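To keep things simple, chains are lettered A, B, C, D, E and F as they appear, and every chain counts its residues starting from 1.
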């Protein structure tokens, strides 16, 4: 059984490699490399897997899951600049793929402490694209 | 190949354990334990797996699938009280997880009789959470 | 200039007139008259009209508007039984139309105190129907 | 008869008044005043009003309307910083209200040159709020 | 008070004037003039205005409104070719604008017979465009 | 890691077997067999799987993926008649299942040439049904 929680956050970012010049960054990343930043309304789906508790009928209490996501992910990202202000994105190219990996690393342990298993982190960047990450080695 | 049918129903429910007092129910289930009920517009996605028939180009005829869902699930749930009036939820805590299990049990056999295999029952309770059930032991 | 805030709440309700018997209620209100209740995920759009402040660029501060809606409307309705537990629906048939009127009456004054004018209360009951109320006499 | 075109763009912005200190900006604009920017997936609805041409059955040719919006609005805003890089927002507080006014001023004349009348500019900033502007003095 | 009902239908159509050659049709109507047809999932919103009945709490009984739309509009359009098979579109260029006018003419009288007034016919052709018609002379 | 691109196209089609008479086609395919065609706004989700490049942070450059889908799929289908005009659907019953197979066959090789692996083709025909194809033998 899997249960999914949907949360949202807004953030600024920029795709670029500091060792490349602006021309090279523009060629690879297009307008996403704009030095003055741009931003998105991100939608985050966190899917957790586990057994249904006979006592509560829950895989995980959604209040707990929601609080975990808030503490470890959305409070750090919402209305922030992903390249400059988010600890778990430091040193990482701010692509949606790397953002999903960073979010996975934030959530895996606290979800496990609630007795469930993190199954998937889905990050929707725009209405035309999203990524899904299922953990390292999967 | 998988094909999915989307259906909707509206129902009232309440999360509580009769052997717990109101305080304990409130602590675990929060406002979902309100004794006067509350309700949702549920969205149900039924995913069926199978081979594509060379004759019809179908995994399953959607008219049949739609009729099965209506007969075995949505006619029983729509505009009903899930705790009081739905045969396949009797004796079950009315969580979204248990609802998905109940719906799976209703659909598995009639879908098989159409020559396909039930793959997933997804129940969307609110725009912020949904569950997916893939059958017992999976 | 108009600005709209979207909020959600879940509630149970029943359409019926106590002076009618069950047969008559069923004839007029259909399955919406089920004595065991049913419920919906309501979506509420509150539209406010006013001049744009040269100082803030706002018609109304959305934090204020959101707090007003929470205090006067959604805290009273969310996870509640509209027929039994909501003060401003007491004595009113719990149709979507009457709900919109009740919400208007709750919001008109506090919105005015923020220096704006309530323009429209839109209540979406299901994905197939919604009502819009523009105030008495309009 | 009215016809509406939907377009999207992503942009960074920040709400602040340069003559206020950070504390005052934070008090009024909350996390929207973050000096490192944040951003949104904006959705723009442009509604145009006019008579239906007996020759084409159109109020306005959507290819023309789409091109006008691209040239005068979305090419200037998409993947840009609204405070720093958008000519028609220069000197304006980057609120959604002021953005709608700026977009109206960009579109009014070219729409008129196509023989129609601009009726409404609707800007959706997040799934929880949007503004509608109907032109000066209306 | 206004109440809106949402319905859907799928249909094929083509934009062309028979007195123009293919080149001229292509120039004006683009790929919408394809002689082999194309089609859409149309979404129809019918908005009705009236007083709230003190007896039922309704502007109009949605069962009646839904039945009217089915009989006069969607049964005629669903899975049909708008240019060839729909009586109220005969002799009309199959633009979304003209479709909205045709639907208005179908609905105005039966809605009035239910004691309400047709306020708006909104036809969504794709996720990027829709039209709204408010009746002749408005 | 998986990344998904969403694209749309509009097309006309008809479900029928030429060796069956109209009665038999109507019995099996219902109104989808209408000889005058009908159509849909199709939504296509293409999911690609691969490793995240340490250089770009991408599984695949979305500009490339978008161009591949345009060249091999949507340019061939958009505003076309699927039964008459689409090379990769020739000789195939125009069901959503067969369409997904055809699209998979178009995309598998060019996606591989970008260094990624096609994981899933999802085709949404209406808001009530969609299919997912994961490749031959899976």
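Here, contacts are C-beta pairs under 8 Å (C-beta built on N, C-alpha and C of every residue); 3 or more make two chains touch, one makes a residue touch a chain.
If you're wondering where the values come from, they're calculated on a predicted model, not measured in any experiment.
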Target chain E, source chain A, minimum contact steps | 2
Does A-B or A-D have more contacting C-beta pairs?
-> A-D
Shared interface numbers for chain E and chain F above half of all numbers used, same, or below, different?
-> same
Distance-maximising chain from chain F - centres being C-alpha averages = C
Given the pairs C-D, E-F or A-B, which one repeats the contacts seen at B-C for over half of the pairs?
-> E-F
Counting in whole Å, what is the centre-to-centre distance of chain B and chain E, each centre being its mean C-alpha position?
-> 34
Once you find the CA centre of chain C and the CA centre of chain F, what distance in Å lies between them?
-> 42
Here the gap between chain A and chain F, centre to centre from mean Cα coordinates and rounded to Å, is 29
In chain A, residues with contacts to at least two other chains = 127
Could you list each pair of chains that touch, in label order?
-> A-B, A-D, A-F, B-C, B-F, C-D, C-E, D-E, E-F
Which positions of chain B touch chain F when the two form their complex?
-> 1-7, 47, 52, 55-59, 61-63
Could you please specify the touching residues of chain A with respect to chain F in the complex?
-> 15, 17, 28-30, 92-98, 100-101, 127-134
Name, in rising order, each residue of chain A that touches chain D in their complex.
-> 8, 10-13, 31-32, 34, 36-41, 78-81, 84-85, 126-127
